[in-house]
Amino acid sequence: MGYTGEYAGEYTREELLICAIARMLEGCRNIAVGTASPIPGSAALLMQALTGGTSRASILGSNIHNPFNDGGPELFDRAGQGRVDAFFLGGGQIDGEANINLVSTGPYPEPDTRFPGSFGSAYLYFSVPRVILFREEHSRRVFVDKVDFISAPGWSPPGVHRPGGPHALITSLCIFLYDKEHRRFRLDGLLPGATLEQVRDNTGFDFDCPDDVGPVAPPEPDWIALIHSRIAEEISETYPEFARNRLDWQG
Amino acid sequence: MDTPENYISADEIASRIPDGALIGVPKEDGGVAMEVTRALIRRGARNLRLLTVPVSSMQADILIGAGCVSEIETSGVSMGEFGYAPCFRRAVQDGAIAMRDATCPALYAELQASEKGSPFQPLRGIIGSDVLAHRADWKVIDNPFAEGGGDPIVLLPAVRPDVALFHARYGDRHGNVWVGPKRECVLLAHASASTFVTVEEIWDGNLMEDDRMLAGTIPPVYVDAVAHAKRGAWPLSLANCYGRDCEHLRDYVKAAKSPEGFADYLKQHVHAEQAVA
Amino acid sequence: MDTPENYISADEIASRIPDGALIGVPKEDGGVAMEVTRALIRRGARNLRLLTVPVSSMQADILIGAGCVSEIETSGVSMGEFGYAPCFRRAVQDGAIAMRDATCPALYAELQASEKGSPFQPLRGIIGSDVLAHRADWKVIDNPFAEGGGDPIVLLPAVRPDVALFHARYGDRHGNVWVGPKRECVLLAHASASTFVTVEEIWDGNLMEDDRMLAGTIPPVYVDAVAHAKRGAWPLSLANCYGRDCEHLRDYVKAAKSPEGFADYLKQHVHAEQAVA
Amino acid sequence: MGYTGEYAGEYTREELLICAIARMLEGCRNIAVGTASPIPGSAALLMQALTGGTSRASILGSNIHNPFNDGGPELFDRAGQGRVDAFFLGGGQIDGEANINLVSTGPYPEPDTRFPGSFGSAYLYFSVPRVILFREEHSRRVFVDKVDFISAPGWSPPGVHRPGGPHALITSLCIFLYDKEHRRFRLDGLLPGATLEQVRDNTGFDFDCPDDVGPVAPPEPDWIALIHSRIAEEISETYPEFARNRLDWQG
């Protein structure tokens, strides 16, 4: 969090993450981005730009980049209809079954640390097919064996209506993909500088790991150019400080 | 245009919101009646029960910090990019307020049921969460339309706030207020037993007779009293009118991190406000 | 302003509404797409299933008279002060169309459930009526929130029209349409699998970027195609634009009372229209 | 139906009916009037005028006299909340228990005569405390022993949530009040020229009748003046032909 600047000599972490997320959004028609999500928001806008608008980005808090206009309930209604293809969630804690905790650590309701609250997670995690978990802080504090409070469960027993669920988990060290069948994360790629050992040391849950886990693909050069021009300008409407400090936007 | 004669003041609105009331308030960009919020603190309101539609930021935090709130039903209280909500966090960790953790569409559903006079509304999702586990007032039934049984679904009970409170862009002298596309305010007004609104500007004419304004207008049948409060959402934003006062919000978060700093903030920006204004 | 390039014609809309489709249409003052209705008759549409939101007048009557409709779900079809709807009455009495009698708020509830992706919506009332007795698709459960059991309540299933079809006041070249306060059209667009709209006038600019128009605008995420149809609701009214053509409606009712008169009407006002226009 | 002009020498039937209905609306805050209801609409507007707006008239189809603006579902939502105090219903058939039929006579669904349909009756009859039935044609064809199709029942068994229901029935011959406890109509007053015998002859259901049934009170002279000025003008927006032909409105 708050890390800024050059990275691996060639591109920044922001550029890498934005591109990695954008790749996961391929084929999505409607991509919704919630509060406090400048990197996912940039990725959604990048995908919108790359597809000429076939992928539509809905940035919460934006007046311009929002294909909905009907106030608060609308995003949830559209998600309930299956009209939202991708969404992003974070978590004060995330565990190995992809349960997420946005409420508190320790006992409930008088906790050790209180987080803001579950927001729409308990609904959107069920209704959006491709939910991408995004949490930059990669630590055992965040990635726990079992969350203290389930804001939204990573999976549901048979018989529970659930067209949606977790697709991937992106951190400052690596990308995991979620295996719905086995209800486990599988390491998919390491960010530059990160090692498998470092991931293991900082992850409180068990995960699958292929023998040949490699680096996350570097950002496409033409995408980088787009990020620092059109995307930076577009995201600056909603996240001016992010655009200025982390995408070097001078506009 | 002058303030209409039948308008009251923000402080009068605060005095008409009784201690113990269940108050429905919109999210940060929905038009937050911060002027009345400060007036509630000034009048020493107690045991308010807040229902945030569906989340809140400084409004909930400052009311909680000032000791006005005994209970909150919310999907989240956060200062957004300025960090966590200090008074909210402190109060919950200390067990000073009762929590009714919810999830956004469940709060809409509770109000939509009230809007319709229905006893409940169904909502997909939520099953298996601890949000549901801690809500004895929410029920799960098997979807009666599912072939072969099974298919559990959550039912949310109707919740009717005693008071809806928000800040709107325009009010006219006929008692209409205009919230534009902020349908959460329309929902709040429809769902609540009474509605108090502060308005940023006075609209010259009748909002109900203006074809283009009609869709965003809440008529007087739902509005109990209106106050004229210029910059009434400050330091929060009002859509297409003014943005957040980021510097002030940053200072607020810093101050509110300690009870002493928060007390100083109140002294300077809430209790002193009437003299300044 | 010229018609935007991505607009299609009313006849093209009619050709994109397949035989057998479930079509949701608004009530008489909600913006009825009469131009497309005539185009549907011209193209010889068959087995349409009409869902009126919640009632209809000439639109349902003429489609039924022309043999385009196999089934109708409605709370009422009437020509209002011009009398009963002749083709509707004749077709029902002859058993030529299947009836799904409803009551207004039940139709809204069916669409609201679809709008939300919920399987059903509860609704008070209806119990003990023959409306309910003839609707095997509606269910009654005991209200799970009632203390001590009992308290039966009706559940309406979600109904998702294949097509929403209406006439709006404005369209812009960005695919937005403006219906103002006609929320039944907003509901129809949200609830349906696809939406076709004719617009009376072209709006110069972007309706989504106009603060005052935003609340009454339906964005392109819900709209599949738009056609420009001046006086597209004729002989019905378009709010704040033109009234009903009372003389024409009176003549229609008179003509439609006999199959021969109705056939003459079609010849003169529907099949000849393209030549005239 | 369609009867127009002077009546009893002193006042018209329209004046009498509008005033009789207006009296029944005393104390109502929100009075809603549905389609094809010019006389109830005039009565509601009269009450609104007499109370200085404390009673609010909502005339379906009117752009001006409508305190609601949120489209179709709104009237029903407000009624469901108990915010609508009075409403009007008619009926192709009405029976002695106040069941109403707006659908058809004969077998269903292939009837002898099809009416328009139930409209909102199956809901509003349950939710509005004071539903006034208004049907000018007083005949055995309309007022039957048992309706062929119940669009909305006049009463409900215990346990059914029902804050609303029938209050009165007004015809061209008389006014009945509804006795909820006994589920029967009771004759309350005769219109000028009508006799008890005539009412009995033309009513297909049994009803209660006090010994001393008298005439319906004549319209208040100052109300008549109001009807032909302000009320005629107001109702002419929605019912121009009614205002012109039956209230002699020249505006």
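A, B, C and D are the chain letters, set down in written order, and residue numbers restart from 1 in every chain.
Note that contacts are C-beta pairs under 8 Å (C-beta built on N, C-alpha and C of every residue); 3 or more make two chains touch, one makes a residue touch a chain.
Note that the structure is predicted; figures quoted are calculated from it, not measured.
Novice: Where each step is a move between two chains that touch, what is the least number of such steps from chain A to chain C?
Specialist: Tracing touching chains, the least step count from chain A to chain C comes to 1.
Novice: Can you give the whole-Å distance between the Cα centres of chain A and chain B?
Specialist: Using C-alpha averages as centres, the distance is 28 Å.
Novice: Roughly how far is chain B from chain D, centre to centre by C-alpha average, rounded to an integer in Å?
Specialist: Roughly 41 Å, centre to centre.
Novice: Provide the C-alpha centroid distance between chain A and chain D, rounded to the nearest whole angstrom.
Specialist: Centres of chain A and chain D (C-alpha means) sit 60 Å apart.
Novice: Quick check on chain B: which residues sit in contact with 2+ other chains?
Specialist: Touching at least two other chains: 117-118, 123-124, 143, 151, 153, 181, 183, 186, 214-215, 239-240.
Novice: Name the residues of chain D that each touch 2 or more other chains.
Specialist: 69-70, 76, 80, 127
Novice: What pattern do the touching chains form: line, ring, star, complete or other?
Specialist: other
Novice: Of all possible chain pairs, which ones touch?
Specialist: Every pair of chains in contact is listed here: A-B, A-C, B-C, B-D, C-D.
Novice: Help me check something: in the complex, which residues belonging to chain D touch chain C?
Specialist: Listed in rising order, the residues of chain D that touch chain C are 35-36, 61, 63, 69-74, 76, 80, 102-104, 108-127, 149-153, 156-157, 159-162, 239, 241.
Novice: Which of the residues in chain B come into contact with chain C in the complex?
Specialist: 117-124, 139, 141, 143-146, 151, 153, 155, 157, 179-181, 183, 211-216, 239-240
Novice: Touching chain A in the complex: which residues of chain C?
Specialist: Residues 114-118, 186, 190, 208-209, 214-215, 217, 219-221 of chain C touch chain A in their complex.
Novice: Contact residues on chain B for chain A in the complex?
Specialist: These residues of chain B touch chain A: 26-27, 29-30, 53-55, 74-78, 80-81, 84-85, 88-89, 92-95, 98-99, 101-106, 108, 112, 123-134, 143, 150-153, 181-184, 186-187, 239-240.
Novice: Spell out the part of chain A that touches chain C in their complex, as residue ranges.
Specialist: On the chain A side, the touching residues are 30, 56, 64, 67-70, 76-83, 127.
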